[in-house]
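Going in written order, the chains are labelled A, B, C, D, E and F, and every chain counts its residues from 1.
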Amino acid sequence: MSNLVNSKGLRQDGRKLNELRPIKMEVGVLENADGSAYIEFGKNKIMAAVYGPKDVHPKHMSVPDRAILRCRYHMTPFSTDTRKNPAPSRREIEISKVIREALEPTLILTDYPRTAIAVYIEVLQSDGGSRCAGVSAASLALADAGINMTDLAAGCAAGKIAGKVALDLDDTEDKEGDADMPLAILPNLGKVTLLQLDGKFTRKEFEQAFNLAKDGCMKVYELQRKALTEKYFGKGEVEA
Amino acid sequence: MSNLVNSKGLRQDGRKLNELRPIKMEVGVLENADGSAYIEFGKNKIMAAVYGPKDVHPKHMSVPDRAILRCRYHMTPFSTDTRKNPAPSRREIEISKVIREALEPTLILTDYPRTAIAVYIEVLQSDGGSRCAGVSAASLALADAGINMTDLAAGCAAGKIAGKVALDLDDTEDKEGDADMPLAILPNLGKVTLLQLDGKFTRKEFEQAFNLAKDGCMKVYELQRKALTEKYFGKGEVEA
Amino acid sequence: MSNLVNSKGLRQDGRKLNELRPIKMEVGVLENADGSAYIEFGKNKIMAAVYGPKDVHPKHMSVPDRAILRCRYHMTPFSTDTRKNPAPSRREIEISKVIREALEPTLILTDYPRTAIAVYIEVLQSDGGSRCAGVSAASLALADAGINMTDLAAGCAAGKIAGKVALDLDDTEDKEGDADMPLAILPNLGKVTLLQLDGKFTRKEFEQAFNLAKDGCMKVYELQRKALTEKYFGKGEVEA
Amino acid sequence: MAGKKAVVVEHLKRDQMLEVVSKGKRLDGRGLLDMRPISIEIGFIEKANGSAKVRLGNTEVIAGVKIQTGKPFDDTPDKGLLIVTAEVLPIASAYAEPGPPNEEAIELARVVDRGVRESGMIDLSKLCLVEGKTVLAVFVDISVLNVGGNLFDAASYAAISALVSAKMPKYSVTKDGEVKDTGKIVALSTKLIPVSITMAVIDDTIIVDPTLDEEAVMTARITLTSADKSILCAGQKGCAGGFSTEQITFAADTSLKKGEAVRQIIKKSVERGKKKR
Amino acid sequence: MAGKKAVVVEHLKRDQMLEVVSKGKRLDGRGLLDMRPISIEIGFIEKANGSAKVRLGNTEVIAGVKIQTGKPFDDTPDKGLLIVTAEVLPIASAYAEPGPPNEEAIELARVVDRGVRESGMIDLSKLCLVEGKTVLAVFVDISVLNVGGNLFDAASYAAISALVSAKMPKYSVTKDGEVKDTGKIVALSTKLIPVSITMAVIDDTIIVDPTLDEEAVMTARITLTSADKSILCAGQKGCAGGFSTEQITFAADTSLKKGEAVRQIIKKSVERGKKKR
Amino acid sequence: MAGKKAVVVEHLKRDQMLEVVSKGKRLDGRGLLDMRPISIEIGFIEKANGSAKVRLGNTEVIAGVKIQTGKPFDDTPDKGLLIVTAEVLPIASAYAEPGPPNEEAIELARVVDRGVRESGMIDLSKLCLVEGKTVLAVFVDISVLNVGGNLFDAASYAAISALVSAKMPKYSVTKDGEVKDTGKIVALSTKLIPVSITMAVIDDTIIVDPTLDEEAVMTARITLTSADKSILCAGQKGCAGGFSTEQITFAADTSLKKGEAVRQIIKKSVERGKKKR
């Protein structure tokens, strides 16, 4: 029924079920932004930038004892197989919200009263799992901006293809597969701050996928740390 | 040519030409609203709520010596035969305006300087005459909110079907009939505060329809008083 | 290939290559506006009005040491061959910008700190060259409003039809021709403040067209002066 | 929006206005039921199928009619379309802002639309070319050039005059349902000339055709449109005040009476327009 | 938007709420994993193909289902359409403003949509009439009448109940691809009853079905939808806080367990609704 | 929007900038008519039909080309569509806000569009598949990643490079007008490489390719696009200042001359891109 996994247990791009796609991260890629990062996650190509802390407009939106966090996840018209209408879709609005909520627990917003911190995530090319890669890039950009943080947020999804739980689905696997569960975790705080589920899991598969995605997040976290180290002490680009 | 009135002078739903549809009113139906009312007028099912007096945003819209009145008449997407687009139509915008102007003369807005009073009318199911029923429900909600008032506004339409002047047209009669004239009156102040006309009346028919609609409004007014009495002294629901 | 120019070198409406269409200007045509002007330029019929200097809303948009200039170029739905959608098109937004930039150097905006001056150009009927005619009318309206100015802005286009450089293309010539270059100049300051180019010119044709358009602008300028003189000393309407 | 101006007018002119109205007069010398002078210029927009520029006192309005082929609505597959829009251009008043139509402009368009539609002046079923597929769409776009009181009537007269004088291509339909422009020009077929009359209540007295100043102090407004000498076909009450039963009756009589006079003006203007062309 | 209210609640009730939760109780007397009373009225909107009015505690929601013919999406020419929208009506809360749906309303609609779609309760390929040309579009429009905490579950129960009880015309397709209403009424074919269960974290403790006050102090929220006793089909974590791994596991178990109870309530309500009609 | 920044720049750098320009130099060491370094990466977006990432100084822009079937406009039934959009992404500058394109972004898109369209580099009549029914639509979407002065040229080079290197499916049309993807990939047919050159006036002197700081003090801007060595095909003057006649003449000459140099860079980048793939 599905040719997503072959007889050797390999996926269409040759990966094993528990294998991540190739990942590349770079911190500090944009000149104007206060902080920025670029991530390639399989064919996903995503740029994240942070502006702030800065004044809030309109003023009555500011909060006396902390910064407000704004987040936009946005896909460029050329990022998808069929051209995407430039106006923000309902999907983009929802993802902007869950990403903001995934990032907020990492930030010490009370250090910046009455200000706004804006996180912009631009998907230049998308290929399944862009919200997870977006979270990871945005967290790097926040660190690059020097915002006080208690942890990084690292994102990775797991799903089900051809009846099997698998790590990090690409576009085809997402569309033709059975289920997808994007996750973001805060490795040091031990918290799950993004979790969504599309598709059917038995109770057991749910647990398997959750653990697999968590492992993926930890690998992403290692690369994030490497990328930050490279930026501040090394040559600035990391590949997995 | 038209089968809206049969040989016995009865309409498709069995009503006489000068007969209202069944009416049900209830005051204080919503928990969060400062005032609220629910009306069934034939198959119309309408919820009205009042919030305020409250601060005005943006501030420069406030008026130093009185409250501003806001009004939205809105149809839910499932309220009409064919699904209604959720965005406000020009029709809804116009009706919101004429309803606001029908209600305003009943309110002592000068008692609430620099504030806003918001009236929201939600048509859950519509069946001809919804603007009149909406006015009546909104007026009850204003009373329920304890806003200082000099009168209630009571609404009812009269029209022309099969060449005959008739009270309170339903959807089919409105669409297949010859004319419709929605009315709202202030019974104690003796004022007409809503009047519209769609369709052809001779001068005499205009007068007949006007008087018939006025009689209808008076019957609605009696039910409004009953509903308010029930709410504050009795069991809370009235049927006609 | 093209019948835009006949064997005698005349255009479809009988004009020579270097001839303007009939022009009519009138200053002070609208009662409410602080300044206004009407122009007929061929079949173009354009009304311009100025409101201001006036308070800026929202306030934070105001500039402490000068007035801000706002400009809207707008086509009525009936102004074009095929009905124009009433919503502002990208074309109208662009033209509004270039017209504002064409007018701004004529105004002593520092004389009106913290205020706004609004210029509205309404194309009632369009026929090629409406942006140039719009600039000319707007400049008259600004003068009529008594805004302190150092010069008038006079607009006229030149283009290429049937392989020949020609002055002041009409709609058909614009669409079927090879190139169009709208221009606006400040005759006394000797500045070009609007220039656009659509279509192919050799380097030499560019120069010819530019000079031809400049001559056209000078003729328009003479009519502008006449119209202002007529308004303040004479009978108020000028024809060319 | 008009708040600030209204306040000023009230303080300066309110008493004065009430006084003259109580004596049966108006500040501009008119009688209570007199219209201001009406001038109608037919065919101002040559590129439109029909157009009219109307001056009613110092209110100025242009209406343009465009007739194009289009698709019918799903629930009326055998009828042409009538689409009326109105915009108070920002050139027209210090209180008009550019942008999408606000509730006043929407009400204006819808009241004009109602007069045209409900009078039956245009038989929409005659505008059907291929049932369910191709019909004629009649766009009536109204642009207010100068706001000077009583936009409803000025806009209505402009729209009606533009429609009555409209010309359009004659279309033919081939056997297999293709619509072709025959190249011939015919008049848009219209019956009746609906006429709206707008009245205002000032100091409990009804006046016809209010000026901008009168609108600032009126407590209620009513527009009643007659299809002919004896038929009323559209109505709209406005403003945050009310009418007595007697005032409604009086308004109905007044609309029929004054409407007939305006109908003659429109007819003559259209005739004059025909000769000019 | 809800900022001001939240602050007040925090100061007055926060300590109190944390205290009772730490003792395994709730301010309204419920146990930590108890739902509030659920009442479901089927068929409230007679004109809709299906409808349900749901009361969950003091949250009130109506969902209406409309089924109409339409065009399929280009990339799924053989499938019907499912379109879910949600609006928090301005009557529902002092913090709800009229206007286009904000991010909360969009998330609400999309989470409900996910539960319906991913459970497979509706076989969209059965809603295709003419491939690439005509399919049935199922609109599920959700209107929140009163905001009282846990909109996700109330909206979901309303939508599911409306769908399960929906009736629609039976269409036939002629040889040349024309779609005709046969005049017969059939039920919308549905399999399964997906049930969402929303949980919140207060003081590191998981509670089920939070009230408005509890939402004001919760640090994180999760909605997990089960397709049946053993299958999870949709999920959404919300709010600016997180869950531990153990809490996620616990939430999954809780969703399956509590979901089955709610499933029975929905089934009974739909049965009762059938008898009434 | 850029108000505050502009003020700061003026006070700090204005005098300095005017001084060096008066000596025929630039703050960054360039000569008056020198472009900053240009780097063009072809094919950065593998999923697009064509794409290019351009760096011009510290301005960074990506353009993606998507080619899809669509319906022609009514008035050009035999021509394909060219649609150019531009967005200054909010990552690109502290002064860029998310939202629908403002007038700057609209002007940017339209000036790029004009260069492509008026040069005739794409023969739109070759993109017609079935007259009046199906044509190819070429979308050129431009995303500005970093604002560093002279967006016009950077955006234009990105768009042109993306178009020149674009590949697309070969379509065939069956006898009864059905469009089919043959599975073969062909290049988008282009003639010419239009090149825009943007110049600014500072202290009455013309400079080429202004930086962000130079834009803050320039009094006028002009973009002239050449189709080849000797033909100018598009132009746009900007900013609230003017040009003398001599300056216009000089700008025309400069555009043709500098344009030819940039044309070679684009050609080479596209060649290099072809080899890489």
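As a convention for this text, contacts are C-beta pairs under 8 Å (C-beta built on N, C-alpha and C of every residue); 3 or more make two chains touch, one makes a residue touch a chain.
In this text the structure is predicted, and so the values were computed from the model without any measurement.
Chemist: With one step meaning two chains touch, work out the least steps from chain E to chain F.
Modeler: Graph distance in the chain contact network comes out at 2.
Chemist: Quick check on the contact graph: shortest path length from chain A to chain F, in steps?
Modeler: Minimum step count, chain A to chain F: 1.
Chemist: Using each chain's Cα centroid, which is most distant from the centroid of chain E?
Modeler: With centres defined by C-alpha atoms, farthest from chain E sits C.
Chemist: Report the chain whose CA-based centre is farthest from the CA-based centre of chain F.
Modeler: If we average the C-alpha coordinates per chain, B ends up farthest from chain F.
Chemist: Averaging over Cα atoms per chain, report the distance between chain C and chain E in Å.
Modeler: 57
Chemist: Would you mind pulling out the distance in Å between where the CA atoms of chain A average out and where those of chain C do?
Modeler: That gives a centre separation of 51 Å.
Chemist: Please set out, as single numbers or ranges, the residues of chain D touching at least two other chains.
Modeler: Where chain D is concerned, no single residue meets two or more other chains.
Chemist: Do you know which chain C residues sit against two or more other chains?
Modeler: Residue numbers touching two or more other chains: 82.
Chemist: What topology does the chain touch graph have (line, ring, star, complete, other)?
Modeler: Its topology is that of a ring.
Chemist: Follow the ring of contacts from chain B in the direction of chain D and write out the chains one by one.
Modeler: B, D, C, F, A, E
Chemist: Would you tell me which residues of chain B are touching chain E in their complex?
Modeler: Interface residues on the chain B side: 30-33, 36, 43, 45, 47-49, 51, 54, 72, 74, 76-83, 86-87, 118, 120, 122, 124-125, 127.
Chemist: What does chain E use to touch chain A in their complex?
Modeler: So the residues of chain E in touch with chain A come to 3, 74-75, 103, 106-107, 109-110, 114, 118-120, 220, 222, 224, 227, 230-245, 248-249, 252-253, 256.
Chemist: For a test of understanding, state which residues of chain D touch chain C in their complex under the given definition.
Modeler: My answer: residues 44-48, 51, 58, 60, 62-66, 68, 85, 87, 89-94, 98, 100-101, 139, 141, 143, 145-148.
Chemist: If you look only at chain B, which of its residues touch chain D in the complex?
Modeler: 63, 82, 90-91, 93-94, 96-98, 100-101, 104-105, 179, 181, 186, 189-203, 206-207, 210, 214
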